[in-house]
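Labels run A, B and C following the written order; every chain starts at residue 1.
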Amino acid sequence: MSTRRDPLGLLALPGVAFLGLAFLAPLMLLLWSSIRGPDGFTLNGYWRVLGDEYYRGVILASLQLGLITTFGAFVLGYPAAFALARAKGYWQVVLFALIFLPLTVSIIVKSFGWGIILRRDGILNWLMLNLGLIERPVRMIFTEGALYAGMINVFLPFMVLPIYSVVRMMDARLPDAAATLGASPWYSFTRVTLPLSLPGIIAGSSLVFSLAVAAYVTPSLLMGDRYMTMSMVMAKAFLNLRDWQLGAAMAAVMLAVAAFIVVGASLLQRRVGGR
Amino acid sequence: MRRLGINFAWTALILTIVFLLLPILVVIPVSFTESSVFRFPPEGFSLQWYQRIRNVDGLLSALGLSAQIAALATLISLLLGTLCAIALVRGAVPGAAAITTFMVSPLMLPGLVFGIAMLQALREVGLRDAWTSLLIAHVVVTMPFVMRTVLSSLTLFDFAMVDAARTLGCSYPAALWRVLVPNILPGFISGALFAFIASFDNYPVSIFLVDVRTKTLPIQLLNYLEISPDPTLAAVSTCLIVLTILVLVLCDRLVGLRRMASI
Amino acid sequence: MMHPPAGGHLAIEGISKRFGAAVVLEALSISVAKGEFVSLLGPSGCGKTTLLRCVAGLLLPDAGTIRVGGAEITRLPAHMRNVGVVFQNYALFPHLTVAANIAFGLRAQGTSKAAAAPRVAEALALVRMSEHANKPVTALSGGQQQRVAVARALVVRPSLLLLDEPFSALDRKLRETMQVELKHLLREVGITAIFVTHDQEEALVVSDRIAVMNAGRIEQLADPATLYQRPATLYALDFVGQSTRLSGRVLGMEDGVVVVQTALGVVRAPGSFAAGSPVVIAARPEAVSLAPADAPGVNRIAARVSEISFLGSRTQLHLALADEGDRGIAELPRLPDGVGPGSSVTLGFAVADTMLYPAA
């Protein structure tokens, strides 16, 4: 091949064109329809979504769910990612596979499994009864606690894997160097390890948050109508109520939130990075 | 104190793994229960629910459909995505960073929103065939997974190796086949794996595009769960879990999980 | 100046360390005087880095004691030892600037930003990096990074400085310059320093004494001149400098001198060996001359030249020798006329300069 430069760039065309037609165009159409009512342009949909106290509450509830899920996933996932990155040889592969495996299992299977664990006649109650911690089965399913646990369960790998890949690349000598300079292990952690793992933290957190905020299956299965998220409202609007305007407006809000997260995360990465 | 930190990290890892595997592991014994209730510990031992899989209306056909769509969507994504990745890495494309972000963006945006958008758009265009709609949508769903892994494989690949192969007597295509392909294979396969799973397991996009006769497995399972929940669901789940483990083992043999772990 | 606190005297006694079945350090003992520079010289796997990590506190030995200035630090964690380390690839903190890297130890030990600033400035001036103070360390060249690493370790006034192959990442010319520069700098500061290296030339340049290590033990501990001129074992001989060596068998003793039969003739050397023992005789290249006088105190061997190496200030003649383990090298300031590859030459070296070892 004589000229490898320009002709090669054209290879991108089919993929980009496909995505443009099949992804971008429908989204544009959706946004367009969110401001089009039966009588022409209208912001009615947005008024209803942002003006109504109920829907505002739903938006806040989704954000809250996202935050709690992200926080929970971080607290457990950050140290876990560390241990995984420092694991040796074959163990690392096995442990990695064990973290990866749950990702491959259907979200429905997992939520179903949680249901079994949390039911009145499920494992957790059975364990607690037999250990004498409680006298009567406790209702755990359909509680917010169960929802958070289920959400963290589903999204935890998405926190672990990005942090793991960043920590893996960190020079293992740096904590040694800090120690020889007189830094206590805590100082070394907060001033060396934590800052250097920040890109991974940002990547994992933004991923988990954006997924959790838009979650549909897990909240529906574990809480049903008791905890309405933006996605559930949107699905209901389209499937049950056939209220396209409301649905489209809610969809636009979700898109805005997602875009905000993406942009925010990449800005943060740029500030933290530069290495 | 450093000891403490290390122990804490390992405890967190063990807890994480147990926590993650718990709902999956629970499903397996339940599938063998004799009673038709989801009790744990399960009572008795019976394979009846596995036998029932064949009888349940639409379950097997949904499984077939999901597999079909997932396989095809993955293949198409692999083709389009790899070409695109090669162009981005070697082709001096203007705005390469923006294009990369664009190709990966379906991952970060809510699937539900995309599903609705597709529904609307396809209706406008007049396409009502559920199968085709699903396929198009699933290519979009799978594309980010393929792009990320293939792109990172290609970026790590040292093209000097292709030059070396050429000086040793290989033609350009032969060099690509003998040197480039084996080295990006892990990215290829792990991308394909992620993509297949993403498509197979997809609910938010599919829910809007299925019709009464064409249902993907997740939707069928959810239906079943709402209408008549019995341990058949657990049996199906167990089969899926076993299948997934087999696929992972296969990938390990082909490519090595170790290499995939570094992607 | 950044003079270290009193107590630069390092005493290591009976340090042993094993990893699984492999014994990496075997009852190692060494003593370093205050302000002295000692090199641990050996190939990879000889245990020198392990010993360094034990002294630094990054590794716990199985047995033995380590004392600095009389105080035992064997089981003290690294951050309480006040032992400075310059790592092989410098281990600079990539997320901090040059100045912040140097200030790290001071800040970690509780010094306020204000109090640390003048000391950081002093350290920067010491290594001549003052104008790079606010640069990210990733923008520096190898030599500059090394200087920052040294400044960072010294600014906290450690009682002892350990350097793990500090020059290995630098190219040759820079290496030679930095070796002299660093030695001068450390002398000025007056600190006790231990170098770990596999490069014998480096060891010769920077050290007051060299410890040649082999498989977890110290084979010889001596100053560079002694090590070079009177290596205690064949291993030490081979590790430092080049040599002409011939294998042979002892014929007997004669006037307090051992007579050895080699493939190239009879050679005499000071020492004491029983008749029949297999031995190796050796001489440094500069002790070998090309037109030896036929005098009693001179060994003479005849061989053919296989290769000539022109090294600028001297020319090396490599001799063709039959035995695999044998080597013949003569170093001359200039190549004499008429001598080239294939020439037959006669070489001579004084009996007094000839070394004798039992064959391995």
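Odds and ends about this structure:
Keep in mind that, in the parts below, contacts are C-beta pairs under 8 Å (C-beta built on N, C-alpha and C of every residue); 3 or more make two chains touch, one makes a residue touch a chain.
Here the structure is a predicted model, which is why all the values come from computation and not from measurement.
Ranked by C-beta contact pairs, the top interface belongs to chains A-B.
When chain centres are defined as mean Cα coordinates, C lies farthest from subunit B.
Between the Cα centres of subunit A and subunit C there is a gap of 55 Å.
If you average the CA atoms of subunit A and of subunit B, the two centres end up 17 Å from each other. In subunit C, 77 are the positions where the chain touches two or more neighbouring chains simultaneously.
Shared contact sites, meaning residues of subunit B that touch two or more other chains, fall at 2.
Contact with two or more other chains is made by residues 179, 184-185 of subunit A. Per the touch definition, subunit C reaches subunit A in the complex via residues 56-58, 77-85, 87, 89, 91-95, 104-105, 108-109, 136, 138, 152-153, 156.
Only residues 1, 4-6, 8-16, 18-19, 22-27, 29-30, 33, 76-80, 82-84, 86, 92-93, 95-117, 119, 121-123, 126, 152-153, 156-157, 160, 168, 175, 179, 184-186, 189, 207, 210, 213-214, 216-217, 221, 231, 234-235, 238-239, 244, 247-248, 251, 254-255, 258-259, 261-262 of subunit A touch subunit B when the two sit together in their complex. Residues 171, 173-174, 176-185, 187-188, 191-192, 195-196, 274-275 of subunit A are the ones touching subunit C in the complex.
Of all residues in subunit B, only 1-2, 4-6, 8-13, 15-17, 19-27, 30, 37-41, 80-81, 83-84, 86-88, 90-93, 99, 102-103, 105-106, 108-114, 116-122, 124, 136-137, 139-140, 143, 172, 193, 197, 200-201, 203-204, 207-208, 217-218, 221-222, 225, 233-234, 237, 240-241, 244-245, 247-248, 252, 257-258, 261-262 touch subunit A in the complex they form.
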